[in-house]
Structures are given as structure tokens and as C-alpha cells.
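Note that chain A is present in both complexes that follow, paired respectively with chain B and with chain C.
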Partner chain A sequence: MAKILAKNKLNDVIAKLKSAGIDLFGPVRDDKHSWYGPVEEAGQLALDLILTDRTLKELFFPQTEPLLKFEIKKQQVDMQEMSPPNRQRVIFAVRPCDAAGIAIDDALFGWDYKDSYWFKRRNDSTIVSIACTAADEFCLCTSLKLSPDSTKGSDILLWPTKDGKGWRVEEITDKGKEFLGRINELLEDSEDQTAAVANVPVKFDLDKVVAWLAEPANFDSSFWREISRRCIGCGACTFLCPTCHCFDIQDEGNTYHGVRQKNWDSCSFAMFTMHTSGHNPRPTQMSRWRQRIMHKFNYYPGKFQANSCSGCGRCTRQCPVDMGIVETLREISKSV
Partner chain B sequence: MTAEGNEHIYKPAMMRIAAMRDEAPQVRTLRLEFVDAADHEQFKKNYRTGMFGLYGVFGEGESTFCVASPETRKDYIECTFRETGRVTSTLANCDVGDMISFRGPYGNRFPLEDFEGKNIVFVAGGIALPPTRSVIWSCLDQRDKFKKITIVYGARTVADLVYKQELEEWSKRGDVELVQTVDPGGETPDWKYKIGFVPTVLEQTAPSSDNAVAVMCGPPIMIKFTLVSLNKLGFKPENVYTTLENRMKCGLGKCGRCNVGSVYVCKEGPVFTAAQIAKMPAGDM
Partner chain C sequence: MGALEILKDRAKQLLTAGEVKMVIGYGRGSTADRRRAIFISDEAQADKLVLDKSCEDNLAGYLVREGLLQDGKKVAIFLSPAGIRSVNVLAAEDQLNPDQVVILGFEIKGDQVSALDGHHVNGFIELVGQIKKQGLSKDREELIAKLEKMTPPERFEFWRAQFSKCLKCYACRQGCPMCYCRRCIVDRNQPQWINTSPHSMGNFEWNIVRAFHLAGRCVGCGNCERACPVGIPLMLLNQQMAAEVLSAFDHFAGMNSTQEPVLASFKREDPDTFIL
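Coming up: the complex of A and B.
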């Protein structure tokens, strides 16, 4: 027998969480976009989506994060630190690639200096993922040695049942166990009749790609120029990436008061590395695209033993010039 | 500012401008004092020559430059900057008594203990004297630990030479060989020192590479040719130290922009040997 969570119990789940002071987040949409946002009522959950347009990372690493605010009075500055809201939350119906993206970035935000903004939200969140039973031609989790039913980064993994009426519940972490304890009476015992997970074909040989990138001579290969020619440097792939974590720190305000904040930034932008002198270590779109690929599949794994890509495919799905990581990695894999 | 705990790592220390000095056109040095004694203690514990900081003007943002004062003088922080961007332009308009923010010290350091008992050759160009000055004073403040000290410093014009008071002071000391130069055409009628580019003047000065290390800081073009000159003089790349100066926003290995290849300048640098730099992809510098 398996524990099943029925879809028609979702409003009861939300009510239980609410009574315990816990917020629910999940995939939501309007007529243009979809993202992970606050959910008051089960009908708001966009459960039919293969993947939201935006990623889960913004719930842990918002596009703009106030760090401190200040008041300036002549030669005196009063500075006040700002922290993330102190709210527990459950993030429901997360895709395994999005959950894996968060786990990948834990290493970056946690090494040496620990980023308390990221980890405060990590500690306050329980991630409930749903294994994918559908995929599109851009999905590439399997190429990254992950899968549509990967548990990486998830506290609970839900397996859709064949009848489409609910999910079999798999507990992954202690946090997941705590969540199940809260909703235990809403779960039903039933035969395990879970639907088959999505078939996501492998698009390239990751080991070959990683080996090619690790060869120093290939840093100067003409391949980079050819493959990046179409890139317009819009940065959409980085903003829509579940693992891209680069940021800027900027002040906004006037002579009397203001806020210092951490904003998303992108290695696609020329200003990203521009020196004050005007010298730019990465002066071309080619050098910036190479940086993005090298960072994800060479530098990051070198430091943190994981590729900085969880295979969601958004970079390719939403690229205005039809580029993306898949094409680059497939071409490298073919050339070896 | 600590590595562990719940403290926000982007929280700066408050500093008060205690003094300022104009060094060259649009180049200014500020002496900063900690407002909070606990921040000062933390700095005294952690600061070593070579480290850098993020200096912030509230309402304008933060800018990265080296700590130009040596580890032998930790009562204050001195920084020297050229007025170029948004933050430095505002910083240049600050008055004594104004408050600014400081995060740091971050990064690695010059291994001064490895320099002990050796001859040291300093080579610097223009606005790159400040990171070198931190090492120079660290050595001069404990002069007996080091052998011969040679300083070759040049700028485009006489006006562009920074730390003129200190150059005067060093030239009067008997225990330092100071060689000053300006690029051809940059001299004034009363200029009594060398005329020529730094690498050329370095070769004329010809400091011995026996039992010696070199510390060089300057614009990329100067570094490139100075490396050739040091090589001619017999300096091995592992005995030549320099700093890389990439754009940084966090200083903590997270914001993702200062890397050269896989090397994060903010964490593994800013101090590198020429041997380490030779292994980095030149196309990423």
C-alpha cells in the first residue's frame, strides 16, 4: 500500500498549513506568464504546466534583495540591516529540475562566507516536487545525468497516479517528514498505480563535453566564435536559468536616504566585467558565451563537484535567437 | 564580516574620513577610521598586506580598491583612488568627517615571511603604486628583516606620479634605492630623474635577481613588458608577484564576475605570482 495525496484535498492541505502559519507557494500564471508564486486556493495552481516560464530560484534569491537601508544626516549615517521575511513556507508542485537547481546553488552560497539571505529562505522552505509525466523537446535533465523523477533538492517527491486524481507521496528528507506529519490525516492508503514518468531522450554525451572543455587549448578554439554568432547578449537565458546566480550590489536613493540592494546580473552583459579604465577582460559576446558554458560545466564542477545546470531547457526554450546551451553542448559532443 | 554565523556577509563597517590628501590630478588618498571598535578589532585581526576592500558611498554604491596602508599600521585604512566612476567621483567630493562604508579585508596577501632575508625589487606604474606602497611600507617598517630594497616607479607625466611626499621621503632614506621615471615627453624642465618607460628603466637599473623577489603593479601593457625585462634580469616567474584588478561586486566568491578562467581573483587573489598567471587563459584577462 502507498500513501496517496488526492488533488481534491489540496484546499484542506492549504487550510492546515495556514492554521500553522505556513504559506503555500506553487506554479501560478496569468494570461502571459507563469512562475512560482503565493497560492491561497488550490484552483490557482497551474498543475498542467510542463514547466513555469520563470524558475524557482527567485523564491530564494529574489531579483532584487534589499540588504540595508540608510539615512544620511549631515556627517552622520544611520544604517539598518534588512533581512528576509520570517515566514515558513511550503513550495508545492515544483519540477525536479527546479528543485535540483536550488541544491546546486547551495554550494555557491554556502562556501567560505555563508549568504544568510539564501539560507534563511532555504531553512524556512519545504520543497514538494512532482515527478514529470510530460516533457517537451527542450527538456534535457537526462543529458545532465538527472531525471524527471530526480529527488535532488526536494523534501518530498510526488508521483502522479494513473487515474490523474492525485499523487503517491515519497518522503525524502526530515523536513518532508515534518510536512507529511502535518497533513497525515488527509492522505489515503491505496494501491500504488503511478503513471510512467516522461521519456526525456539524452541529447549529448556530457562526459565528452566536460572532457573537451577541460582541455586548455580549446579555450581559444574557433568553435566559440561560430557557435555564439547569433547571441544578442540579452541575458534572458541567465535570468531564466534555475542555477545562474550572478549578481550586482547597487545603491538606490538620494542625498538623504536610500537602500543598498543585491540585484540579478548577467555574464551576457558587456558591463558585467568592464573595468573603470575601459578595459574589458571579456569584450565580445563570444567571450561572454564561452564564460557561461565554461562556468557551468568546468569552473563550477571544479569547485563544487556539480555542473551548474539542471537541464530545465528554459535557456533554449525562451531564447529570442534560438540558441541556448543544448546546441552548444551537442556540437561539442559531436565534434569529439 | 565573519565567515560563519548568521551575520549578513554584505554588511559593511562604518568608517569616518579622518584626513585626505591630493596625490595627482583626480587622484586622492583618504585616511579612514573605524566608527565601531568591534569592526576595528576585526580588521586588526584579519588585515594583511595585499588584501582589498569594498569602499561604499551611501546612495552611490561600492567600489573595489586595495588597502594602500601596510599591515604594520592598522590604526586606520588608507585608500588611494582616481576619480572616474560614479562612486569615486562622489568619494572625491566627501569631506573630512563624512561617513562611508567599508567591507573587507578580503582576498589573499603578499607572503612577506617568504621575502625575509631577500632583496626586493618593486616595480610600479602610475596609479598602481598604492597596492605596491602597502608592501613597501610593510618592509620599511621592519627594515632589518629584508636585504636591499629597490623601487622603480614611473608615470606618464610628472604630474601623474602619486605619493610625491613619500617618494621624497624614500629618496632621502639611505636604505632604499628609488628610481623615478616619466614617459618621454612627460618630463618638466626641472625634472631631475629618469626619462623612459618603466621596463627600459628597470633594465638600466639592473637589480640583481640573486636571492631576490620582484613585486610589480601597473597597467596591463606595463606588466606585459616588465615581465619580459624581469625575465632578462634572471627573475624566475615564481619569484615575481603582482596583483590582478578585476571588477568585483561581492568580494566573497559569489557574484560571479572576477574570475580569470577558473580562478576567482577575489578569493584566490588578488596577489599572484607570474608563474600562476602564466597558467591562466590569456584570453580572459
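Coming up: the complex of A and C.
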């Protein structure tokens, strides 16, 4: 016997959460694109999407966020620190790759400095993921040793039932247990079978790739120039990546008062490494593309024992010039 | 012979004769309907070239990336009429020497692709003249009419909602052949002229700067809108700016390689004494 959450109970779930002062977020869309946003009623949820265009990281690491306000007075400087809203929330219908991306970034944001903005939102959020029963040609979770039903980063994993009317509920963490406690009376006991998860073919041998990247001589390989030649140097792949986490801090305002903002930044931009002197240690798009791959599959695992990629495929799916990490890693894997 | 065969043969000849150091064209992409830029320096690789109705991207921007033409050598490139017009704008703005660009011209009409005669931009002046006569693209007339009927606050709200999606990934800028500035105004940070934050104000600043800077320069290739990963209808702005410039100055971007940039030139008979 398994616990089932029926789709037609979602509005009751939302009402229960609301009455407890908890906000619900989930995949939503307009006519042109999709993202994880606030949800007031079940009909808003875009449950048929394979994956939203934008990632879950935005709910933890917004593209722009005020850190503090300042005002310079004659005798003193007044500062007001800003922090994320004090609201509990449940993020529903997350894809396992997006949830895994958050878990991957926990290591970075909790490393030498504990990022209170990230962890405030982490602590206030419960992630309810749905195992994928469909994938497209860009999905690559299995190549990253994850899977369409990976529990990494999720507090609850839902398995779609065969009849498509609901999900079997699997509790992963204590937070997940707490959430289930809240909606327990809405769950049904059932013998329903769950649908098969999506078949996502493995696209390359990750171990071979990682070994090739670790070889110092390959840093100067002509491969990098060839593979990145058409890259136009926009930030789409980094901003649509569930794990890319680089940011910049900027003061906006005038001489006397302003706001300190934390903004996404991208290693694809020439400005990213530009020195005040005008020297740029990564002067070409080739060197910037190499950096992106090296960071994800060499430097990051060297430091945090995990690759900085959860296999969502957005970098390829949404690249304006049909690049993305898949081809680069596949070519490396084929060459060794 | 189909357009691809004609242009592929020309590409091969150019490479074999050593007339060009590289051919920039289209190759197969990661899915059946995707096409991508490919760069061929060896004639044996020319069979990778493809040409069909999916070859929409304007490749002209690659001509001015990372000093490709600085050695004085020639490059051949697959270009649609919009691409040819961008070469004219780039030449008129002293960004490239048009004698270094060998054009492998093609035109897409519905499902049909045809090869264009000519190889130097000056050989396409008549063609561009005809395009000007045809008038500006009539895409999305319904939406444009709807926008024109809106009051300024309603229109502001329309664009606020569109720009609120902007990630400031600058794919629109990077995909645009006209955006060749070595240091874009948004990257000028001593002082920081434009807010880098992707909040409402910052997104308005960026998108308005982009649209204005393209006035009289945009050739309507659509690279920016296709590149935008969040679906902002950037061509609406570009088309409107092109229409304004055409009606105010009879200026159609990219007519020839010596056309004076409309917003960087002055005529004595101009009734206005200054830009504002």
C-alpha cells in the first residue's frame, strides 16, 4: 500500500498551506516562456512541461537582490541591512535536475563564508519534486550519474501514477515529513502502479571527461578553439544553468544614498575577469568557454567532490548558437 | 543545381585557389531542424555545409569578432539579404573592409532557397534597393496596431511586463552584428553609467539603450529576438525604430558600403540645430 496525492486535491493542499501561512511556488508559464513562480491555485501549475525555461535557483539566488541600503550623513553613515522575506514556502513540481542543482550549490554557498541569503531561503523552503516520465533530446541527467527519479536536493519525491491522476508520495527528509504531516488527511491509500520514469540515454563517459580535463597538457589543446568558435559570448547558458552561481556586487544610487545589489554575473562575459589595468586574463571566448567547462568538471569537483552540473540540458536547449556542454563533453569523451 | 550546390562549389573554389582563408557557413546542428555556424578553412570540409529554410541566423557578426579580418585576408560568408545589408553597415561604420568579404548570397522564400549572383557587397546594391522599395517587414501588424492604439501608460505597462523577464544575459547584444562595441555602454563602469542590476529600472535602461543605438542601423535580421532565451519581442522595437528613421530621414540601413550613418551625420539644411 502506498500513499497517493491526487491531482484534484491540489487546491486543498494549497488551502492548507495558506492557512498555515505557507506560500506555494511551482512551474508557471506565459505564452513565450516558463519559470518557477508563486501559485495561488492549482490551475496555474504547468505540470505538462518537461522542464521550465528558467531554473529553480532563482528562488534561492535571485538574479538581483538588495543587500543593504545606505545613507551618508554629515556625521555618520546609516545602514539598513536587507534580508529575504520571512516566509515559509513549498516549491511544488520541481524537476529532479533542478532540485539536484540546489544541493550542488549548497557546498559553494556554505563553504568559507556561509551565505545567509541562500541558507535563509533554503531553511524556509520545502522542495517537492516529481520524477520525470518524459525527457527530450537535451536531457542528460544520466550522463551526470543522476537520474529522472533522483532524490538529490528534494524533500519529497512524487512518482506519477500510471493513470496520470496523481503521484505516489516518497518522503526523503525531515522537512518532507513535516510537509506530509500537514497534508496527511488529503492523501489516499492506493495500490496504483507508478508510471515508468523517462529513459534518458547516457551521452558520454563522465569519468573519461573528468580524467581528460585533469590532464594539464589538455588545457592548451586546440580542441578548445574548435569547439567554441561559434560562441557569441552571451550569458544565456550560465543564467539558465541550475548550478551557475557567480555574482557581482554593485552599489547603485548617488554620493549620499544608495543600495548595494547582488547581481548574477557570468564567466562568458569579457568583463567578468577584466582587471582595472585593462588586462584580461581570459581575453578570448575560447578561454572563457574552457573556464566554464573546467569550473564545472574539474575545479568544482576538486573542491566539493561534486560536478557543478545536474544534467538539465538548458545550456544546449536554449543556446542561441546551438552550443552547450553536451557536445563539448561528448567530443572529449569520444577522443579518449 | 540547387542553391547549396552552387554556393558550395564557389566555396570550394575559393578555398582551393587560396582566395579566402575561411568560409563561414551553416552546418547541421544538434537536432534535425537546428542549423549552426561552421567555419571551414579546408576545402575537404566543405561538404559539411548545408543550406535550407532553417538557416535563419545572420552570420555577419562573426566577421568582426576577435580580429578575424585584421590580417587583411579574405573570408567568404553565407549571407541572406539582411546579412548583406549588415556588411554594408559595418563597412560604412569602418568596422571592416568590404573588399575582404566574399559574399555567398542566398535568399529564403517560404521553403525555397535560391542562390544570389554577386560576391562583393557592391554587387548587391540593386537588390537592397528593391528591398527598400518593398517596404519594411509587415510582421505582427496586428500586435503593432494594438500597441499603437494604447495610451502611453498602457504601452509602458506592456513593455514593463516584457522587460521584467529580461535576465541581462545580453544574448540580444552578442547575437547582433551591429553590436560590435569593444566596450558596451553597460560595461563601462568608471563610472557605471547604466545600472547592471536586472531590476525594472536596469532592464528598461538596457533595452532602451539597445533599441536607440540600433535606430537607423538595424537591418531586421531577427538575430536578437531569436537569441533571447525569455522571448522578449525585441523586433517590435527594432521595426518601429526603423520605420521612424525611414519616415523622418528616408534612411534605410545598409543600402551600400559608404552610406552615412543617419544619427552620426549632419546636413546644413537640417531644420534642427542640435540633436534634441
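Note that the second predicted complex is superposed on the first by the 333 of 336 C-alpha atoms of A that agree within 3 Å, B and C clash if a C-alpha of one lies under 4 Å from a C-alpha of the other, contacts with A are read in each partner's own complex, and residues count from 1 in each chain.
Basically, a residue touches a chain if its C-beta (ideal position, glycine included) is under 8 Å from a C-beta of that chain, and two chains touch if they have at least 3 such contacts.
Since the structure is predicted, the reported quantities are computational estimates derived from the model, not experimental observations.
Of the two partner chains, chain B is the only one touched by A:302; chain C is not.
Of the two partner chains, neither chain B nor chain C is touched by A:163. By the touch criterion defined above, A:108 reaches chain B but does not reach chain C. By the touch criterion stated above, A:83 is placed in contact with chain B alone, chain C being left untouched.
Once the two structures are superposed, chain B and chain C can be ranked by residues of chain A touched, with B on top. With both structures placed on the common chain, the touch criterion links A:250 to chain B and to chain C.
With both structures placed on the common chain, the touch criterion links A:32 to chain C but leaves chain B unconnected.
On chain A, the patch touched by chain B and the patch touched by chain C overlap at residues 248, 250. The residues of chain A lying in touch with chain C in their complex are 31-33, 53-54, 63-64, 137-138, 229-230, 232-236, 238-240, 248, 250, 252, 261, 263-264, 266, 269-271, 284-285, 316, 318, 320-322, 324, 326-327. Within the complex formed with chain B, the residues of chain A that make contact are 67-68, 70, 72, 75-77, 79, 81, 83, 108-109, 111-117, 216, 219-220, 245-251, 253-255, 258, 260, 262, 265, 267, 272-277, 279, 281-282, 287, 291, 294-295, 298-299, 302-303. On chain B, the positions that touch chain A within their shared complex are 3-12, 14, 16, 56-62, 82, 84-85, 88, 95, 97-99, 101, 219-220, 245-247, 249-250, 252-262, 267, 281, 283-285. Those residues of chain C whose C-beta lies close enough to touch chain A in the complex are 29-31, 34-39, 57, 61-62, 65-66, 165, 167-171, 173-175, 187, 189, 192, 195-199, 202, 223, 226-227, 229-231.
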